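Next up: the structures, one after another.
Same chain, two partners: subunit A is paired with subunit B first, then with subunit C.
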Partner chain A sequence: MTSQPLLSLRGLSAYFPIKSGLMQKTTGWIKAVDDITFDVKPGETLGLVGESGCGKTTLSRTILGLRAVQSGSIRFDGEDLTGMSLRDLVSKRRDMQLIFQDPNASLDPKRRVGATVRAGLDIHRIGTVRERDERVAEMFARVGLDPSLRNRFPHEFSGGQRQRIGIARALIMKPRFVICDEPVSALDVSVQSQVLNLLKDLQEELNLTYLFVAHNLAVVEHMVDRVAVMYLGRIVELADRDELFDRPQHPYTKALIDAIPAATPANRRHRALLKGDIPSPANLPPGCPFQARCPSVMSKCKEKMPPDFVTGGNHRVACWLAEDT
Partner chain B sequence: MTDMILEEQQTFGKPTGSNFARAMRRLLRHRSGQVGGGVVLVLVFCALAGESILPYDPLSIDPINRLKPPSAEHFFGTDELGRDLFSRILYGSRYTLMIGLVSTVIAATFGITMGLLAGGGGKWADMLIMRVVDVLLAFPYILLLLAVVAILGPSLWTAMIAVGVGGMPGYARLIRGEVLAQKDAEYVEAMRALGASHLRILFGTILPNVLPQMVIYASFTIPLAILAAAALSFLGLGAQPPIPEWGAMLVDARTFLRTAWWVVAAPGMAIFVSILGMNLFGNALRDVLDPKEMSK
Partner chain C sequence: MTALLEIENLQTHFKTEGGVVRAVDGVDLKVNEGEVLGIVGESGSGKTVTALSALRLVDEPGKIVGGSIRYDGRDVLSMNKKELTQLRGDRISMIFQQPRVCLNPVISIGRQITELLKQHRDISSKEARNTAISLLNSVGIPDAEKRFSAYAHELSGGQAQRVMIAIALALKPRVLIADEPTTALDVTIQAQIIELLRELCREMGTALVLVTHDLGVVAELADRVAVMYAGQVVEETDVETLFSNPQHPYTQGLLSSMPVLGQRAERLTAIPGTVPKPSDMPPACRFAPRCKTRISLGMDICNQEPPQLLRTAKGSVRCWAIEGAS
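Then we have the complex of A and B:
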């Protein structure tokens, strides 16, 4: 595992200004993504989990250059994307694609699905029109859709089929890095596994690297190599999948894993469920963002933000509890 | 019976026509679509058929038969110069339709472009364009039309341009709102993620999605445009005599209101019926093109 990371984030932050008053003065910031550092190695799948509103989606959009970066750097394939001109960024973006969460909202309702899938090729003027159409047909077959359905409109498809179209739209650009933004959370359970297996097969065939955003840990366990746990805009724990599921260290991760429903009552674990809501990201107290809900909170947690402690190889955790180990 | 339904769902045959074909089918079943569509069709037919269907020459003067009441010979009677009113009304339909269409096309083209740029072109473009729109809206409508005609000189064409200018702000406002609503939709973000340019997103992705609303809006503004142009003609600033434009005919007729009601009634009723028909048609169109109804 000495290969150069495909994507590497260093201290990446993306804030949204809070504007108020007549003159729309900026009175504060919502730190949607705060000081995030991690690498994604070529060919791996990194899972990104966290509850709603923790900044998963903002992070994925920021990596793609769809949201402004406050500070930090995004290096893709050795090149720094922050501060790149829009034109360069657009051409770079061919290598990074996004699969959206809700296939009902992410497909243009007025556009035939074939044209939607072809859009990327049209934008970057790849090949002749004929070649583009051939590639669309190829891509349809590859994601398990009949190529003759290209001239239909999105509303004529089922949810699973629409998500396949969304996948085809992203993969037709032959990207190396794909961000899957909760690709199955809007689908029926029966269809979820089909789409997940399709994503896995495509990863092998096309040698893709995934950043897999999800809030369903069962899905994550099935899909990923490593997991990053996000809470209020920060990565609180990052480890190999088995390591994280077997030996979670951050109390938030423990609570998340305890919340996975067990298939049989006999397997039910002792549950340490969280109380309270996520505090408003607009005015966080000093110290650890998790302090208000943490079952094992210490006085230290209320004073200083815990740094990343690296324990045993690839396991990284931002919690004072890990200080001694 | 159940077997047949199952079969239908399982096979991927040709879809049952396009969205357009489906909308048209429902338009034909819609009551006010039938009535309004009928009126509009008659109007279009009269306008296209031209002189061949007219019983008399709409411009030829016949002083002996002046101000004749409606009869089998002259369905709508004759005017003060003995011209057959029925022929004049039929002939005038082409001007009415032309005014409605041309001025709406002018208003829609400029208004939609302005609205798209205001909604999608950033803060400064928005400010600038919407202030222009505000200025246009601040004028009383007729006063605005008079100003444009005063600048360009009275004629049928300047009346159309004036009505077009008067209609622009409505389109600009409506489409700006639609653009703002659609701008952050996920399918727009998807295009952005693929690297689409601003203009491609505005005109290629957002415009097709707001166009149905524009069609509906246009179906309501065409009759308004016709009324406004008729008003301009009535003030002597639109169509000039001897063009048998309905508004212009009303002016000439108003002096005979007491002695020869039909001279006023013919163009008045023509305007009334066609506006009513178009409004009914517009209502039906709105019902039929409603996206929620689309999948039926």
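Then we have the complex of A and C:
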């Protein structure tokens, strides 16, 4: 694929200030998103994987313009979104939508679900009221819900149905780019696969580009074309799906894959466990962010941040171990 | 092997405005000495209420309305308050999904352990302190002596779960009930906690009742598994058989809908529909409306009469299709 990327991030950073003392002076920064560079090509699904606190949610919000950018650029369809006026950004956002993790928290409990799904059309004044209602009914049918249910309230639906409503709300704007932020992690196993299949079908039919944010590697492997692994605000490894799962290079990626529970009891194994917890992103030591937990840490790792090394085609890894390969 | 904890025909109901919710409706379970029993089910299957019932921890408006629970031959349902206190913590203890919510925020973690030790055992403060520190050590809290005086909010999620485990195992119980012990944790931390539970329970000979929705955790830890659906056990067998030769259509559906690392299938098999609401329970087999087997075999009985739990060569199954075949 050599086509022009739909979304292109260059050195994107988003920091949170740490304030303390009486005057609430800024005494430091939490680098929630730190120097991130990658492209998302049209029609593909890029998986974004990481544990809690790694910054994956902040990154998705920053891309949508819901968080301030510290530095770097976000180009969508060739246009730079950073520094764009709010009005331009809002109209641009019709093309970019978000599917939330928790369908219980992201739907207004006092609003009929049809109105929630229609909201985007209302805001952007698309079509007449009757046309909007028709679009809502169509969308309901498309995500596998009975259109006659659109005058009900969220509590009358199950978790899986609510997530379908969330998907309908995002897709009614006919976006080109959708960020799925942990779209199935709040759902039961038997319902999870229904929603994953639906997301795949919709992508094919509507020619969507996904950024698929998740912590469950088995789900990610099933859904994506390429994977970016995030740790403490940085992308530590990025590669095509098969390449990443078959030949992971970063010690953190290896540990993540190794930590997945066995699929059957016959595959129980002794694993090399990662020691310790994810450190606080405030005031990290210089050098590699993974140094405190890395099983193969070297003295170099504590001095200098590893740059991105490109190994074999599309494989990018930020680790000093990859320097010689 | 003798059954340490024996639950028979347990019925726990909740009285609500909308009527009686039969959260647990006729559950039979046995926990043998030193084994790991997995209880698997989705939300609303009654797995947590079953676990809470075993310790009589179900609160109003919930009530155990039928069945029996026996620990080491003694009737738990007829125990008085004093006997219950002795049973809880000392013989059977429990850990929960949200460790930080369950720890006392205003008492140091060390004191939460020593208090428990002093209440149940006749030991001095100094001995209690030493035991607590060695416990914290054994669950992998770094710098245990220093962390003894730490408070819950100073711990990460993984550490808080370690402390919960230390408290739960302080009195060397014979049964540990773990309700979704790793669900709130990250993957790398989950792997650590699974390893810790496996080692400690083996070392102390403690039986583990693992309540979870995650078949991966079950595959890692369990010896035997009971699969629950809508308040009932639908299949029970040893863990190898469950994964290699599942009998109940629901178990089969669950296993095939799980994305497996390395498979990279284009589509996942899904179970159609959703878990029934308690107010809208199917009259006979509770899985019938979602069951592919029923549809492909054209079975009418599934909608007319509830199936019974049937003994098979390697366990038991609640399904008319199995009954017809044998």
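Going forward, the second predicted complex is superposed on the first by the 319 of 325 C-alpha atoms of A that agree within 3 Å, B and C clash if a C-alpha of one lies under 4 Å from a C-alpha of the other, contacts with A are read in each partner's own complex, and residues count from 1 in each chain.
Please note the rule applied: a contact is a pair of C-beta atoms (placed from the backbone, for glycine too) under 8 Å apart; a residue touches a chain by one contact, two chains touch by 3 or more.
Remember, predicted model here, so these are calculated numbers, not experimental data.
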Mind working out whether A:A68 is in touch with subunit B, subunit C, both or neither, as first, second, both or neither? neither
Touch check for A:S52: first (subunit B), second (subunit C), both, or neither? second
Touching A:S193 in the superposition: subunit B (first), subunit C (second), both, neither? second
Which of subunit B and subunit C A:V310 touches, first, second, both or neither: neither
Of the two partner chains, subunit B (first) and subunit C (second), which one does A:M298 touch, if any: first, second, both, or neither? neither
Looking at A:H222, would you say it contacts subunit B, subunit C, both, or neither? Reply first, second, both or neither. second
Answer with first, second, both or neither: which of subunit B and subunit C does A:R169 touch in the superposed model? first
Contacts for A:A262 in the overlay, against subunit B (first) and subunit C (second): which applies, first, second, both or neither? second
So which one touches more of the residues on subunit A, subunit B or subunit C? C
Counting only touches as set out at the top, which of subunit B and subunit C does A:L98 meet: first, second, both, neither? first
Enumerate the contact residues on subunit C facing subunit A in the complex. 42-43, 142, 156, 158-159, 186-192, 194-195, 213-217, 219-220, 222, 239-240, 243-244, 253-254, 257-265, 267-272, 274-275
In their shared complex, subunit A is touched by residues of subunit B numbered 12, 15, 19, 185-187, 189-197, 200, 205, 208-209, 211, 291, 294-295
Of all residues in subunit A, those that touch subunit B in their complex: 61, 64, 66, 90-91, 93-94, 97-98, 100, 102, 105-111, 119-120, 123-124, 146, 148-149, 152-153, 155-156, 166, 169, 173
Looking at the complex, which residues from subunit A come into contact with subunit C? 51-52, 158-161, 188-194, 196-197, 200, 215-219, 221-222, 241-242, 245, 255-268, 271, 273-274, 276-278
